[in-house]
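The structures come next, written out as C-alpha cells.
In the two complexes that follow, chain A is the common piece, with chain B as its partner first and chain C second.
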Partner chain A sequence: MENAKKKSLIKSLKYAIFFVLLFAALVIIDVKNPSYSMIITVLKKGTVYALIAVSMNILNGFTGLFSLGQAGFMLLGAYTYAVLTMTNEAREAVYYLSGYSVTFTLPWYVGLILAGAVAAFFAFLIGLPVLKLKSDYLAIATLGFAEILRAFSQWAKLEKITNGSIQLRDYPTFSKSSLLEGTVFENASLTPYVLIVSLCLLLIVLMINSTYGRAFKAIRDDEIAAEAMGINLAHHKRLSFITSSFFAGIGGALLAIYQSSITASQFKSSTTYEILLIVVIGGIGSITGSVLASYLYIACSEWWLRGLDSGSFLGLNLPNVFRSGFRMVVFSVIIMVIVLFFRKGIMGERELNLDRVGWFFTKILPSLFKKKNKAESGKEAVK
Partner chain B sequence: MVKENAKTLLEINNLQIRFGGIKAVDGLSLSVKEGEIVTLIGSNGAGKSTTMKAISGMVKPFAGEIIFGSDNITGQAPNVIVSKGITMVPEGRRVFPNLTVLENLKIGAYLRYDNLTNDIDYVYSLFPRLRERSWQLAGTLSGGEQQMLAVGRALMAKPKLIMMDEPSLGLAPIVVAEIFEIIKEINRQGITVVLNEQNANMALKIGDRGYVFETGRISMSGKCSDLANDPKVQEAYLGKSK
Partner chain C sequence: MESILAYLLAGISYGGQLALIAIGYTMVYGILRLINFAHSDVFMVAGLFVIYLQTAVGFYVAIPAAIILTVVLAFSIEKLAYKPLRSAPRMSVMISAIGVSYLIQNVAMYITGGLPKVYPDIPLFTESVEIFGASTKRVTLLTPVLVIVLVVALVLLINKTKIGMAMRASSVDFETARLMGIKINNVISMTFIIGAVLAAIGSMLYFSNYNSISPTSGAMPGLKAFVAAVFGGIGSIPGAVVGAFIIGICENLLKMVGLTEFSDAFTFALLIFILVVKPTGLFGEKQYDKV
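Showing the complex of A and B:
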C-alpha cells in the first residue's frame, strides 16, 4: 500500500512538472512574439477550439450521446458575453440602427461565467424533450435546435438585445489590458486564454475521473446494464448535456473575445462539423486527443497549408494548381486518410501517458536509428 | 440457506405486463422467502425475463403489485429499487467493455457512499481470476470471466435479493458448474437468489423452490426436488421421454 501511494505521488509529480513546463513554454512564446504573429494567432484559436472540442467530447465520447448542437451553445455563450459586457458608449455605436435595451455593463469574468450559465440553462430546457431520443435522432434534433437558436438571435423583434444580424463588437477583450502594462507581460495575449482554458479542462478532467464520469462511461458502454446498476439514465444524460453546453458556452465567449467581433451567421452547423472533425481526429473519448487535434487542425487550416492557396508550397511554385480553394482539397484528402487508416483517431480512447512518451523517445527512436546503422554497415561490408 | 419460518422477502400478486396488445405476463403470482434460491424455468417467451425486468423496475407493469419486504415497489424507478436491495445480473452479462474490471465493480456500488475496499476484496476472494485482471478492460475478458464480473458487480451493491437472468448462457459446462458453485456460496452467506435458467437440470439441482412458467402464467410450482421428479416437467424441460 505504501509503495503504491509513493508511486502515484511520483506519477502526479511527473505530470505536474510536465504541465508547468508546457505552460512556461507557452508563456515564453507569448512574450517573445508579437500578438499579431502567426504562431500566437494559431495557438490562441487552437486553445479556444480545444475547450470547445473537449466539451463536445464529454457528450459524444464519454456519455455516448451523439449531439450536433455545439454551435448553438457557442452562439449563446458568445452573445451573452458580448451583450452583457459592452460599455454604453460602445453600444451607442454598435446598436446604431435599433437602439439598445440592455444598459448595464458587467465585468468580463462575470460575463464569461454567465455565458456558460446561459448556455447550460438552454441545454436544460432543450434536454427535457430531446434527450429521450437515441443516436441519429438525437443528432438531428440537436442540430435543429442549434439552427433555431441562430435564427432566433437574428430575429428583428430581438434587435435591441442581439442587434439583429448586424455584428457585435467593442466588448472587452484581452488584447488591451491595462493591468499588465509596463511588465514583461505587456504584450502577452495568449496567456489569459491558456489560463482560462486550463482551468476549465482541469474541472472537466476532475469530473470525468469522478464517480459521475464513471457513470457517463457506463451509460456509453451499455445503457441497459447501467440502468440495472441503479444509474438514473435521464438524470445523468441531462447532467452531461448541461456540463457540455456550459463549457461550449464559455468556449463561444472565448471565441468572441478572440475574434473581437461576432455575428450570428458564423455559428452555422458547419462550425459544429468542424469541431466534430477535431473530436474524431483526436479520438472519441480522449481529452488530450481533442486538445492535440484542435491545435493540429487550426495550425493546418490557418498556417501550414496556407501555401496551397497562395501559389507556393514546400518550395514548389505552381500558381496554376495551388490556387485558392486547393487547400480544402488537400485537407479533405488528409481527413479521408485519417478516417480510413486511423479510425480511432490520434489517441483512440487513451489519454496522454508520459511513460509511453518517454519510452518512445528513449527506446523506440534510438532503436530505429540503430537498425539503420546496422543496415548501412552491412552494405559497406558487401562492398 | 432457508431458515425455519423465514419471512417472505418478495411477493408478486396478479402481475400483468403488456407490450402493446401482447400480454407478456398475465396474472402471475409468486413469493420468495428470505434465504431461498428460487428458480424460474420455462420455454422462451414464457415471461421469465419480463417478470425479472418488472421486479427491477426496467419494465412498468400494467396491473398487479410487487412487494419487497414491507415496501410496495410496483412501477418504481430502477435506481430506487437497487437502493432498496434488489440487483439484477442482466441476460448476456452486459459488462461495460471499455471500463476496467475494477471500474465495473465500482459502478456496481454506484448508489453507495461508504468505503468499498472490503467489498472489492470480498468479490476478489470469490473470483480470484478477477483480481489478476483488475486493470484489464472488461471487453477483453473471456465469456466466463465476464459472467463472474457481472455477478461480482451486482454483489457490490450489497443486495438482499440478487436476480440472475440466464447466467449460463453461452458458457462451457465446466464454467457453468463454477458459476453455480458461486451462486450457492453467495446464498450461503445470506443473500436470496432468484434464478432464471434455461438449463433446467442444473437450476432444479441447486434451487430450493421452483416455478414453471407457461405463456405468461405459472403452471406449476413447488420444491425443486419434486419438480425434477414430475413427469410433465421431465418431459418438457429435462429432455426425458416416457
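Showing the complex of A and C:
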C-alpha cells in the first residue's frame, strides 16, 4: 500500500517536472525568437488550435456526441471578446458606418472569461432541444445552429454591436502589453497563450479524470447501459456540451487575439471540419493526441509544406505542379489516408506516457541514429 | 403582384434544384444511414466538368460527358472512401465523408486557382421568357417540369424494377437483405449512381441560374438539400421533393419581405423545429432503437 502510494507520487512528480521543463523550453524559445519569426507564429496558432481541438474532443471523443457546432461557439467567443474589450477610440474607427451601442470597455481577462461564458450560455440554450437528438441528426442540427449564429452576427439590425459583416479589429492583444516592458520578457508574445491554454487544459484534464469524466465515457461507450447504471443522461450530455462550448469560446477569443482582426465569414462550417480532422489525426478521445495533432497540423500547413505552394519542395523545382493550393491537396490526401487506414490517429485513446517516451529516447532512437542532435529534434516533434 | 409571382417562380425553381440534390442524400441515407457530406461537392464538381468540357468539345458532347464523369466520381468515392469502412462505426464513415468533401474542395481550389468560374450559357436554359408580365430565365420554368419527370421515372424504377425492389429491401433491413441474396454492393453503387446523375442535372439547372462556381459553392445548396431530405422524412423520395419545394419557396418569400440574411437561418431553424417536433419528418417511418 505504502509502496503504491510512493510510486504514484513519483509518477506525478515525473509528469510535473516534464511539463515544467516543456513550459520552460517554450518560454526560452519565446524570449530568444522575435515575435514575427515562423516558429513563434506556428507555436502561437498551434496553442490556440490545441485548446479548440481539445474542446471538440470533450464532446466527440469523450462523450460520443457528434457535434459540428464548434465554429459557432468560436464565433461567439471571438465576437464577445472583441466587442467588449475595444476602447471607445478604436470603436470610432471600427464602427465607422453604423455607430456603436456598447460604450464600456472591459479589461482583456474579463473579456476572455466572458467569451467562454457567453458561448456556454448559448450552448445551454441550444442544448435544450438539440441534445435529445441522436448521432447524425445531432451533427446536422449543431451545424445548422452554427450557421444561424453566423447569420445573426451579420444581421444589419445588430450592426451597432457586431459591426455587420465588416471586420472587428483594434481590440487588446498580447503583443502590446506594457506590463513587462524593460524585462527579458519584453517581446515574449507566445507565453501568455501557453499560460492560458495550459490552465484551460489542466481544468479539462481534471474534469475528464473526475466522476463526470467517467460518466461521459460511459455514455460514449453505451448510452443505454450508462443510463441503466444510474447516470443521468440529459444532465451529463448538457454538462459536456456546455463545457466544450465554454472552452471553444475561449479558444475563439484567443484566435481573435492571435489574428488581431476577425470577420464572421471565417467561422464557416469548413472551420469546424478542419478542427474535426485535427481531432481525428490526434486520436478521438485523447487530449495529448489533439494537442500534438494541432501543432503538427499548424506546423505543416503554415511552415513545413509551404514549399508545395510556392514552387519548390524538398529540392524539387516544379512551379507548374507546386502552385497555390497544392499544399492543401497533399494535406487532404494525408488526412484521407489517416481516416481510412489509421483510424485511431496518432494516439488512439491513449494519453502521453512518459515511460514509453523515455524508453523511445533511451533505447530505440540511439540505436537508430547514433547522433544526439537527431534525438533533440525528435523531442521537438513530440512536444 | 408581378414581383410576388417572380419570387414564387424563383422559389419553385430553386426548390426543384434542391430536390434533385436531396434525392441523392435521402437514398444514400435510406440504405447506408450515412450523411454523404461529399454529395454537395459532387454537385459542384459536376458544374466544373461542364465548364471545362464545354470549352474543349462544345455543348452537345459536354453535357452527357459531364453526367458520365460525375457518375464515375461518385462511384469511385463510394468504392474508395465508404466501402472499406462498411463494418466501422457510423462516426468513422461520417468523418470519412467529411474528409472526402474537404479533399474535393481543395482539389477544386487547386485546379481553378480559387477564382470563381463563369458558368457557360446553355441557350436552352438561359434565354429569358415572359410569363404573366414577370420576366425570367427559361430554366425557371423548365426546372419544375424536369424535376417532376425525373421523380416519376425514379419512383417507377424503385417500385417496378428488380434493382428497385432490392433497394427497398436494403433500406428496410440491410443485413436481412444481404442474407436473402441481394448483392448489397451493387445496390449501394446503383444508389450512388442515381444520386450522381440527378445531382449533375441539378447542377446544370442551378448554375445556369447563378452563373458562377467557386469550390465552396456546393456547400450551401448541399446543406439545404439535406435539410429538405430530413424535413420530408429521410429515406422517402416524395418527402425529399416536397421538402425541397417548401424550402425553396419559403426562402424566396423571405427574400421578398427583405429578410435576405435570414433565408439561410430559416432553413436551419426549420430543421431544428422538425427534428424536435417530428424527428421522422413529414413522410418518414417511425424507427425504434434496439438495445
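A few points about this structure:
As a convention for this text, the second predicted complex is superposed on the first by the 363 of 383 C-alpha atoms of A that agree within 3 Å, B and C clash if a C-alpha of one lies under 4 Å from a C-alpha of the other, contacts with A are read in each partner's own complex, and residues count from 1 in each chain.
Methods note: a residue touches a chain if its C-beta (ideal position, glycine included) is under 8 Å from a C-beta of that chain, and two chains touch if they have at least 3 such contacts.
Please read all numbers here as calculations on a predicted model, not as lab measurements.
By the touch criterion stated above, A:304 is placed in contact with neither chain B nor chain C.
Looking at the shared chain after the overlay, A:349 reaches chain B, while chain C stays out of its contact range.
The partner that reaches more residues of chain A, of the two candidates chain B and chain C, is C. In the superposition on chain A, A:143 makes contact with chain C only, not with chain B.
Of the two partner chains placed by the overlay, only chain B lies in contact with A:232; chain C stays clear of it.
In the superposition on chain A, A:155 contacts chain C only, with no contact to chain B.
Once the two complexes are laid over each other on the shared chain, residue contacts for A:215 go to chain B alone; chain C is not touched. Once the two complexes are overlaid on the shared chain, A:332 sits against chain C while remaining clear of chain B.
With both structures placed on the common chain, the touch criterion links A:224 to chain B and to chain C. In the superposition on chain A, chain A positions 224 are in contact with chain B in one complex as well as with chain C in the other. Listing the residues of chain A that touch chain C in their complex gives 60, 64, 66, 129-130, 132-137, 139-141, 143-145, 147-148, 151-152, 154-156, 224, 268-270, 273-274, 276-277, 280, 284, 323-326, 328-329, 331-333, 335-336, 339-340, 343. Residues of chain A that touch chain B in their complex: 211, 214-215, 217-218, 220-222, 224-232, 285, 349. Contact residues on chain B toward chain A in their complex (touch as defined above): 56, 58, 77-79, 81-83, 87-88, 90, 94-99, 103, 106-108, 110-111, 153, 157. Within the complex, the chain C residues that touch chain A are 33-35, 80-81, 84-85, 88, 90-92, 94-96, 98-103, 105-107, 109-110, 113-114, 216, 219, 223, 226-227, 230, 261-262, 264-265, 267-269, 271-272, 275-276, 279, 289, 291.
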